[in-house]
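Working notes, beginning with the structure itself.
Order of writing sets the chain letters: A, B, C and D. Residues in each chain are counted from 1.
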Amino acid sequence: MDYKVLITWLIPLLPLSGWLLWGLFGKYFKGYSGYFASLFVAASFILSVILFIIVSYSHGFTSTLYPWIHAANFKVGISAVIDRLSVVMLVMVTGVSTIVHVYSIGYMKGDKGFSRYFSFLNLFVFSMIMLVISNNLLLLYVFWEAVGFCSYILIGFWYEKKSASDAGKKAFIVNRVGDVGFAIGIFLLFATTGTLNYEAVFKMIPMIPVFTTTVIALLLFVGAIGKSAQLPLHIWLPDAMEGPTPVSALIHAATMVTAGIYMIARFHIIFSYSPVASEVVLTIGTLSAFFAAFIALTQFDIKRIIAYSTISQLGYMFMAVGIGSYTAGIFHLISHAIFKGLLFLTAGSVMHALAGELDLRKMGGLYSKMKVTAITFIVGALALSGIPPFSGFFSKDAILADTYNKGFYFAWVIGELAAFMTAFYIFRLIFLAFFGKSNLDSKVHAHESSKMMTIPLIIMASLAVIVGFLGVPPFNTSIFYNFLHVDFKNAYNFSPFVENAPWYLLSLVSVLAGLSGIFAAYLLYIRKVVMPEWLKSAFKPIYALSYNKLYVDEIYDFLIIKPLFVLFNFLWKIVDVSVIDGAVNGVASSFAFFSVKVKKIQNGMLMSYILTLSIGVAALLFYYFIR
Amino acid sequence: MEILFYVFSFIAIFSALMVVTMRNPLTSALYLILCFFAIAGFYIILNMQFLAVMQILVYAGAIMVLVVLVIMLLNLSDIKSFKSNLHQVFIGILISVIMFAEIFFYISKGIQKKPVGIFTHALIKKIGNTQIIGEFLFTKYIFPFEIASILLFVAIIGAYLFAKKKF
Amino acid sequence: MGFFIKYLLSILIFFPLASAVLLLFINKKNEGILRYLSTFLSLVEFIFSIYLFVYFKPDTYKFQFVEKFHWIPSFGASYYLGIDGVSLFLILLTTLLTFISLISSYRYIREHVKEFVILMLLLETFMVGTFVSLDVLLFYLFWEFMLVPMYFIIGMWGTGKKVYAAVKFFLYTLSGSLMMLFGFIYIYILHYEQTGNFTFNIVKLYNTHIPIGLQIILFIALFLGFAVKIPLFPFHTWLPDAHTEAPTAGSVILAGVLLKFGIYGFFRFAIPLLPSATYVLAPAIIILGVIGIIYGAFVSVVQKDLKRLIAFSSVSHMGFIVLGLFAMSAISVDGSVLQLLNHGISTGALFLFAGMLYERTHTRQIADFGGIAKKAPILTTLFLISVLASIGLPGLNGFVGEFLILIGSFHNYTVLTIIATIGIIFAAIYMLRMFQKVMFQDITNPEMENFEDMNLREIVTVLPLILLMFFIGFYPMPFLSRIDPTVLHFISMVSHHDTIYNIIKLKTGLSNV
Amino acid sequence: MNDYLIVASAIFCIGALGVLTRKNLIIIFMSLELMFNAANLGFVAVSDYLHLINGDIFVIFVMVVAAAEAAVALGIAIAFFREKGTIDIDKANELKY
């Protein structure tokens, strides 16, 4: 076997074997399964880096492990495509996974499901790797669902808690709604092109009618909405924070939720040939970016704030891919993976220190008690707010600049507004949690976390600083752009540049938006120029809207879930039991009714039997007579 | 011959009517024997002397003796007739009459089928009806004949079981 | 060995019968011997059926292992056996599930053990016989014989309203199959009128020319027989009762094998015999199937009884299979056949778990459970895998079949396929709701405190099924490659009849749904 | 031949009348015998007309059956009488639902 192929397949197989090992023999490894699991993933990471180097100095390739489903003219294999896009994603996925694995060893220490946890985590890494390297839509769909399942099982990891298992179930089902759209898209694609292989599909796309392409693209996008938690299917992500925090960092910030962006980037040909679908992507992305940030303004649960922030940042990425700036989208994906992962991990560290406390109102003044955590958190927050020289600045700015230059001014304005709100809510969190008066529960003894947890934080924080420089503005000339753009050069250029505003002016606007957000938070929560309570009462309807998350859950509950359950009960109790079974039993009981009548004839009197018999004989004779 | 036929017919039908109308079972039984004799007479007219003899031996001899014996045994002669349901009597008569009418019409419509067999009166007379029946019974019908013997055997056991004091 | 392979099908039919006769001579007090011996014998039977798999030639659609003897020459009935890629796997499924359900009932069946094992083996004989008969009369005989042991299994060892359930099952299927018999005899006589010789040989009957109007009537007659068995909406109401009240082994066999006969009957008899009628009626049947998918899923959500929920989910799953079969594309039919196996495996496993839960707690009400995951991690893991297989999670068996069905049907029946696809959302809802309430959360019912995890016997019971789930999920090729030639031949056999259908469609202005 | 058949049917119907109207078990039995004989007469008459011998043979078997029936029926009558103290046919009414 070619060594490239070997490396390619070793990358997913290492975590897969890890899953089997810890899953089946977890109890024999005791506390060491975490170390081994991290080692396996780290090995995958190293191999990914090697593959990255190979690909950047040569060209991509595809490789088939074995034929999976061959039925009539439907042929799909377990096969991988290795090109620049997939190696970038591979390095990101395995890298973040490695860090999170190491962090988890400290975080999950002493949990009775230790091995189980690492087993599932490895399974997730396997699925995610396969998702990014798969070479056909079916395989993509398979691991698309598989990561959803891992998310289900990891969110509901502490299954005794009803809220946790509820959240897992909700995540799975909402994801499934998206997946159904995705699946139908695949069906339509197969019905039109007759194949599911990427290359073959992409060759066909320019030849099929735009309308069909649009429908396919929109259906695929439904899957992305579900997986990447965009409006209106975002409801599962905040609830998913019931899971262990490293899981939130890995799955619900860095990797799985970005699958939607990866998918659109991967299928950029389909999307670029359908401007309408791209518009929809842009719209949904913009709305999500804005409204999620809006909701995050007033939340008090730190993980939920970060979760809404994730939705918002994913919205930015969708904006990018919606305007055809795929490279910028992927760049933001990478930098977001790092700084959002960092934010979650630090939030986990805070939680760990405070024995699981998540409510902002019960924190405060933590800076003095846990310096490393606080500083790394602030680094992450600065990156999120888009303050140079942190990575978020470069990546977010690349997106917003493209939005402006391609003429989507409205989206640009919303984007800048959201950037302001982003900076505000994340620094509100910082000021409330790390500074100011301590509102801690007296029983809780806050302390810095162990080395096992802080070292990953430091690594992530330094990455958050470094990675940004891969995309030094102007983005179109940066290293990252030059590396990745090769893969997108076949895209149909549906939105050419219409403006050419200088990059530094646009950057200035973004930075100002971020800084003003931070300043506003500073004024409100540190200097207390205006009391937040006053604002709350002054803008009561808006506050309520934000605090109650736009009432989306309630609307779904009222409009969909409750009527459906009424329908279900109706179908069962009325239609099934009464109508159908009633009809059947009706036939049966009508027989019973007649037999009660008829059995009177059977009165035991021999004479009447004989009489009946002779009437019958007479009748028979009569029949012969008239015949 | 014609005269004999009508005489026998009259005796047979009259005694049959008597059988069903007499109140005393014993009287009925005696009329029944008379009826059997008349039927035996028919057989003789029809050249089946063997059957006529069998008729008298088996029916009048064996069966009727048995019946009379039972009547005596149960001492039924002095049990007066049971209250008959008028309703039922009426329907019975009606059905019987209808049935008879139907059969009568059916027969009088006539069955125009030519003789198919070879056993003409002359042949039967020549060979002798007993011999013919015997030959058939022990060659072609040997199997039913044997079955009949088993049936009788079973009947004996059955009758014995029924009449036994305790089941 | 040559002899063994040559008469393998007869051996497969009569071995369980001989085993049952053997068991007759064992004193009914020796329950242990009865159980172990019957398990062993069914294992031997399963091993025999593996020979079938090994010696099966994958690259042909022709009937294999054919045996043909005269049976009733004056009727043209013969003892004609043979299998193709479809019946091969159904036989394997039958023998495997019989073995498994015999092991699974060690604890559940406490009384009349002898009668139970004998009935199970008899049932196996009849089921295998039904799958291998290529003679309509032989098929019908086995088909009807099958009801008798099942009737007793439900009626004697069931729970609750067991006699009601058994009688309902019996009458429902019997009345359906009488209609079917009528259809068969009609075709038989038609064939006689056309060719002048009586034959029940299905391969010869395929060539009968039947006018389209008559085809439709006959198809409806056969349809009633098979649809009840599937069970297609609205003929499904016997299923929840029968499943719920039957003992575990009965439910497993019922769900795993008996439901397959309906589809198998369509595949082997109704569709090839009456192809034009199939094309005319397929949209209607598919609509029923899709209603079944959605309806079964909806009703499952609100079920309170564990087994009843699984039973309704069967209705939903069988709807998918009907959709795939009648969509008449090679891919979807492949998927349907594979899904037959998958449904047998995953639903069989679910019933086994329901049985285990019932044995421990003597309740089937979902609300009575909760928090079992804490007490029984192995049970939870394996149960979860089965639930996921039933949902159709990728990587497990259910996905492959379901996906093939949907992608194959999409071209011909776009809207209905989309509706069916939405059904898989509800599959996730009802299964996960159930699983959460049964396994997760905290223990609320104090009786669950003493819940024991699975013992070795129970693990052995479900392990083959769990392994199969993974195997089919990851590498379905050994199955698909054997099914595929048969299905392609099936499609080519019926597809030239769609011209007639197209003419009718033009005349009546029917459009594809 | 027709005359014989008419006589036979007349006897048969009279027998039927007896069976239908009377309640005495013994008389019913005797009426049955009448009907048997009517049938026999029919057999003989027809086989005489058609020049066959089968009907005559059949009569012999009917006689055998009649004899057997007589034995069993009278056995039943005795048993019935012992059980009920009467031979009223209407008292035999336990054979019902």
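In the analysis below, contacts are C-beta pairs under 8 Å (C-beta built on N, C-alpha and C of every residue); 3 or more make two chains touch, one makes a residue touch a chain.
All values derive from a computational prediction rather than experimental measurement.
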item: Pair of chains joined by more contacts [C-beta pairs], A-D or A-C; value: A-C
item: Chain closest to the middle, measuring from C-alpha centroids that were averaged per chain; value: C
item: Centroid comparison with chain D (C-alpha atoms), farthest chain; value: A
item: Cα-centroid distance, chain B relative to chain C, in whole angstrom; value: 64
item: Separation of chain A from chain C, taking each centre as the mean of its C-alpha atoms, in whole Å; value: 37
item: Chain C and chain D: spacing of chain centres that average the CA atoms, whole Å; value: 58
item: Between chain D and chain A, distance of the C-alpha-averaged centres to the nearest whole Å; value: 93
item: Overlap residues in chain B, where contacts from two or more other chains coincide; value: 88, 91-92, 95, 99, 103
item: Two or more partner chains touched - positions in chain A; value: 607, 611, 614
item: In chain D, residues with contacts to at least two other chains; value: 16, 20, 23, 90
item: Touching pairs - complete list by chain label; value: A-B, A-C, A-D, B-D
item: List of chain B residues in touch with chain A within their complex; value: 85, 88, 91-92, 95, 98-99, 102-103, 105-106
item: Residue ranges of chain D touching chain A (in the complex, touch as defined); value: 16, 19-20, 23, 89-90, 92-97
item: Contacting residues of chain A [partner chain D, same complex]; value: 599, 602-607, 610-611, 614
item: Of chain A, residues touching chain B in the complex; value: 607, 611, 614-615, 617-618, 621-622, 624-625
item: Residues on chain C engaged by chain A in the complex (per definition of touch); value: 168, 171-172, 234, 236-238, 295, 298-299, 301-303, 329-331, 334-335, 338, 371, 373-374, 381, 388, 393-395, 399-400, 403-404, 406-408, 410-411, 414, 417-418, 421-422, 424-425, 428-429, 432-433, 436, 439-442, 474-477, 480-481, 483-484, 487-488
